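What follows is a group of structures, each given as structure tokens.
Both of the next two complexes hold chain A, though its partner changes from chain B to chain C.
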Partner chain A sequence: MLELRKDIFADERDDNLKEVGKPTQRQDMLGHVTGTSAYYDDHRFANLLHLKILRSPHAHARIRSIDDAAAARAPGVKRIIRAADVPVNLNTLLSLIQFGKDDEPSLATDVVRYKGEPVVAIVATSERAALEALALVRVSYEPLPAVFDVEEALKPGAVSVNAAYPKNTFEYYNKYDHQKLRFGDADAAFAQADIVLDERYQMSPIEHAPTETNGSIAVPDTNGRFTVYTSTQALFFSLDTAAKINAMPSNQLHFIGGTVGGGFGGKVDTLTEPLAILAARLTGAPVRHRLSRHEEMQFGSPRGGERIYIKDGVMRDGRIIARKVRAYFDSGAYTRLSSYAAVKCAAHIPGPYTIPNVYADVYCVYTNRTPATAMRGFGVTALDFALECQMDKGAAAVGIDPLEYRMLNAYRDGDMKAHRREAKNCALIECAQVAAGKANWPLRDEFRRMSSRAGGGAQRTGGGADRTRAPAPAAAATRAVPATPQRVSYERPAAAAPTQSPPPPPRTPSPPPAAQPAGSTHGAPRFSSVFGTRRR
Partner chain B sequence: MKTPVQFRLNGEEVAAFAENGANLLDVLRESVGDLSVKGGCWQGTCGTCTVLIDGAPRLACITLAESCAGKSIESVAGLRRGADLHPLQSAFMERFAAQCGYCTPGMLMAAKALLDRNPNPSREEVVDAIAGNICRCTGYEPIIAAVLDAARGEDRRRA
Partner chain C sequence: MAKHRGRGVATINYPIGMNLGGDPSQALVHSNPTGKFTVALSSIDLGQGMKSVTRQICAETLGVPVEDVYVDTADSDTGPHCMGSFASRGTHRVGNAVMAAAREARAVMMEAAAEELEVDPGDLETDGRGAIQVKGAPHRSISVRDVAIAAQFKQGKTISGRGIFLVPLSDVNPETGEMSPATCYAHACLVAEVEVDDETGDVTVLKMTSAYELGRAINPKLVEQQLVGGSWMGMSHALYETPEPYYPDTREGPRDFNEYLMPGPGDICPHDIAVLERPAADGPFGAKGPGEMCANPVLPAVANAIFNAVGVRIDELPITPEKILRALKARGGAAGAASARAR
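Right, the complex of A and B next:
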């Protein structure tokens, strides 16, 4: 059962939660346990056709020729779809928000860039007929050298993977080959550090492996539109992508989904809908495009692999005074969402810790591997793994308890982050205290009394306080710090009160919730960390 | 070439014409129309399509449809008794033992096979019974708890 700890930051709470902390049944649970929830493939249509794809057996090859004459004569075959049949055969998912160049074809034209890349589609009266016809297609390939390692791909003379990005790196703002973070002077700080920890971390690609594979059924409607039943996690995103690739107005498409047999990020790539719709247009019949389990594993995008180098400068008292990160996100052969993953990675550095000197370069790199995509915190997850391993190693190096080492370096309210944002509403220390209590993990008194609300701001990073013997941040970083004085009190400023209808809460450290005026429960925006107004 | 095949499904006699080599999963879904049985891998590895054949849990995707002639097949569509849910279904609801729900039909049938032959299973026996069923959402613990609840008759649902 969920436990709500209202004693923590109790002076800031005016909530009287009606739903959180109480069990509520999911609206789809009855359908799930009775087998009546309708997934995309639980819709039946007369004369349904089946689309199957011939895929590249090579990680990198030039297509010399394709001979589909025998396949076209095979029993049950209704239509063969080639690259030239796709109205807009080059797309990138985030082009819908003007982020990145179109770089990925629906069906390969002259070159295949990863094993499993779609080459030819066959539409037939049964999956079996489609598969048997696929076996009759003859493709002549000229294998090309391939690159599978992010650092190899960045070396001079490396194989060029993606025609839109010949240098094997995504281009931010059509100009920059990586994401850059600079704060303070890391190199100067390393020279003063007692210990320098230089480590390398790596995470392999991970397949989401949802029990329901990616798939969709496109059905011609009576009014010229197409109804599409789909497993997608991103209904309108997929609708717009399918409309773009098929060069049709999006109001000709009606997407029906929402009941997804597991996604975890692996069903945002619009892998099946565009060709299913095209096949339905070309045949006038409903067409199902369902990935086999093998296709899901080989062609369905995984979480991208990452390689991360972290160099920390640590003082013997446990303070981290510098952190340098070089990270490579393996996008595979095409961009899909990896460009965004690298942005998230850069935004997460250096983790929830106040480090006065930070230096990071994050690259989104193309290799001849299966294109990567979203998966549960992608861009951040591997980095967090690396950062927290690094924290354990740092704690061991200076002989400090790993939890206390984290608390020592944790963000406190008022600290300046490497991204020139002031840390607000910090709670890592309090979380660590509760976790330590639950796990009977011994914390020294000093750490049991520690607070996210004390010791932040200039006291730690700007110089002056006894903790801060570290080199002060470079001038550029100092300039970015707002000129407002550091907070010494964490009571709500009275100025905030006029925008709220309830009277300002009592200025006592921990008033019991019952002592608050009854009208104060509607302060939802004030409580929202989204607006950043909870504590400040 | 199609072969007629007749069997009992959830207590009712059904008949279908099966393509040569057709598996039970396709016949149940495409010919008989029981869409409660889901396909996950079509190669006998994920357990999603688990049904009971004469009381034993079997993978419909690698069971030859013709081999089911004259047999009694149970799917999750027949688990409910009228308006009442099977104790396993209630326990799954209470324990939040389904998230995406796609593995749930197979998971329920694997659990039913266990409880039908062993009404008081240990935790280890529950784990063993669902070991062939992959769930990618729950982490299994809620499922194990639900099966144990159902076995203990702990329908914790409040009226």
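Right, the complex of A and C next:
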């Protein structure tokens, strides 16, 4: 069910439109529902060859030797591709926008850094022939110690994962091992806070799980050109990456895609195109390189497992006066796009709330895991999970309804955000009001009257540490509260993670278990800038 | 042993486009000889509806019916550069590029029509049904088809337009993180209702209720498709999915959909959605984009609802029955947790 609330913000819109806003049927709908839309793998070619990858069985190992003689003689094998055959073997995805160092090989040379890292590619007349030949390749590995946990990877003496970033962290601005965010004076504010809430959150990696796995078909054309049918979700990004790795001018590549069976961020990495093109060059035949479901699940990059520590300083009236965040992005063995996500995460802190003192360090960390990559909500999803669980805990600690607690602290037009840009075009409060109305979530009148367009600005976000001071006292709202009674204790389950022993930040005064009598009013004094000094 | 109900809420915002900008997209729009238009892009339709959104934006801007516009996309020989379909950037970035291209094409179309009608182009308007007419005198009109024929075979004009949209790349202050990450933000509030079985640890999501503010819903059906699908993904993320169930331990790992746990059709709950539109100053018709954000509020809302139901906080995803049972046991079992319940 979807309801358009045209009544809200109507004065900011021209609704006199003819095509925009209509539920027009998709141009590609009939093709999709009748199974006739052409995906990359619906193109058929005579003499198609198939490329399969031999992958590292070790999370971290030195390659002593590779013997592919038996595989080369196997039936149907047309070509074996080794690292030395790749024109520009080392690449990083964001080199196209000059961000980061080339750190990831198309095929491993001397060291493998994650289980599943490509070592050898075999091109054969069928997928089966390619897979059978892979089984004949003998690789001698010298296993090396590996590190799997982001905080373990940062400890002195930790195994060094990535040769381009030997300290296991991406380098920001050639000077820091993390992205900083500094606004106000968080430490001073914590000293004045009534309650300090210090918590740890752990995101799970997840698989993009697209219906269509990553894949491409490279077909030799005339004049040295190649036509590439691809599942990419970024056509020129993949084209330019493939051109770089193959040391080809970009106009020798003709990429065709555009109808993709789900991406969710997992089809930006250009996992298959560069080697498919190389194989087509080396054999003169069309070559398909597609990931099996097993490869997609285990070796196609997942969402990274971010770990996030949040420390809030909260006043009894519900104002959050300080928020400190330490976040670790598990990039896996190579950078891909995680360095970018860490900056996006820093920009998103402290969430859609006006908090006068914010401090954050966000790390992009290398571990011996499958490289993580973009996924829907990249840099933000994990942070939102952590922030919004933290908001519930903060609300309970001060005995305020969790939705009203969010609305008290919600950013409004004119507020200064932690990355030092003025908030505008805000609508968090209105979303809360509408959702509360639909869900029968009781909000008191003051909250129903609140607006993103009023009361923001200097009043709440003046300058410096004095922002930790409570605003002038205001008429207390003591109306009986029909709001949902909230829990107040926060016993956490016993740590279940097997290998980690993160040094938890000192747990400063934990929230008092000051239970509210059922059905009582909110005991806390009200957020004065809402009820007293805000402009109406 | 009992089933406990609870509900939780989350409020979020989401930045539109690549963080810091610097992510251009281009579009070309041209008319065929009989007044039908093609939009050439290299952007990708992943199922999100890129082709349809850009088609409606183009038709609106040109002032012609949507049936007279077709979007051709993702051929690097014909479609101009687009950064890609990610970062919730399609509607905003590509939509703006298409709008710019369509405006340029429209200007030529109106000039050609003015020449045929022997009036000033400024006195003309499109009727949105395939004709161009004199403002206030709709009987003086000409069809877009006749304008296109005249433009190409008589006047020697190409009814076409080029468009690019670029938010310039923002610097980042290394010391403070001062930056311009995005030009506009979408918003949401979502309430999740769950039922938790204190004997098995199973969580059933009963209902979601949400409000999303998206600037402008270019196509409400496509918005609904995104928001419903995204909430399913968020629920799956919160309760089911991971290729590494004992992260950071890498030993366990699913190989296919038999081993990779996801909710099935029977686990999907009703989702009651409201859409608000506060136009973005730089969005095409004010649009922002619902692409990525719709999974985000579900994760914490479900976690908060579980706490509301049985009084345990699970701060590590996914929230599996095993974690819930261990947490319940740690605080004295279901009875202990139940006695702590506030409602």
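The definition used in the following text is that the second predicted complex is superposed on the first by the 453 of 536 C-alpha atoms of A that agree within 3 Å, B and C clash if a C-alpha of one lies under 4 Å from a C-alpha of the other, contacts with A are read in each partner's own complex, and residues count from 1 in each chain.
Just so it is clear, contacts are C-beta pairs under 8 Å (C-beta built on N, C-alpha and C of every residue); 3 or more make two chains touch, one makes a residue touch a chain.
Treat the numbers as computed from the prediction; the structure is a model and nothing was measured.
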Scan A:Tyr141 for contacts with chain B and chain C and give back first, second, both or neither.
neither
Which of the two partners, first being chain B and second being chain C, lies in contact with A:Gly262: first, second, both, or neither?
both
Give one of first, second, both or neither to describe whether A:Gly35 is in contact with chain B, with chain C, with both, or with none.
first
For A:Ala347, is the partner it touches chain B (first), chain C (second), both, or none of the two (neither)?
second
Give one of first, second, both or neither to describe whether A:Phe170 is in contact with chain B, with chain C, with both, or with none.
neither
According to the stated criteria, A:Tyr366 is in contact with first (chain B), second (chain C), both, or neither; which is it?
neither
Per the overlay, which chain contacts more chain A residues, chain B or chain C?
C
Check the residue A:Phe299 against both partner chains and state whether it touches chain B (first), chain C (second), both, or neither.
neither
In the overlaid three-chain picture, which partner chain does A:Ala209 touch, first (chain B) or second (chain C), both, or neither?
both
Where on chain A do chain B and chain C both make contact?
25-26, 28, 32, 209, 259-264, 293
Contacts from chain B onto chain A in the complex sit at residues 33, 35-43, 45-46, 48, 75-77, 79-80, 85, 89, 92-93, 96, 98, 100-105, 108, 134-137
In the complex, chain A residues that touch chain B:
25-26, 28-39, 41-42, 44, 208-213, 259-264, 292-293
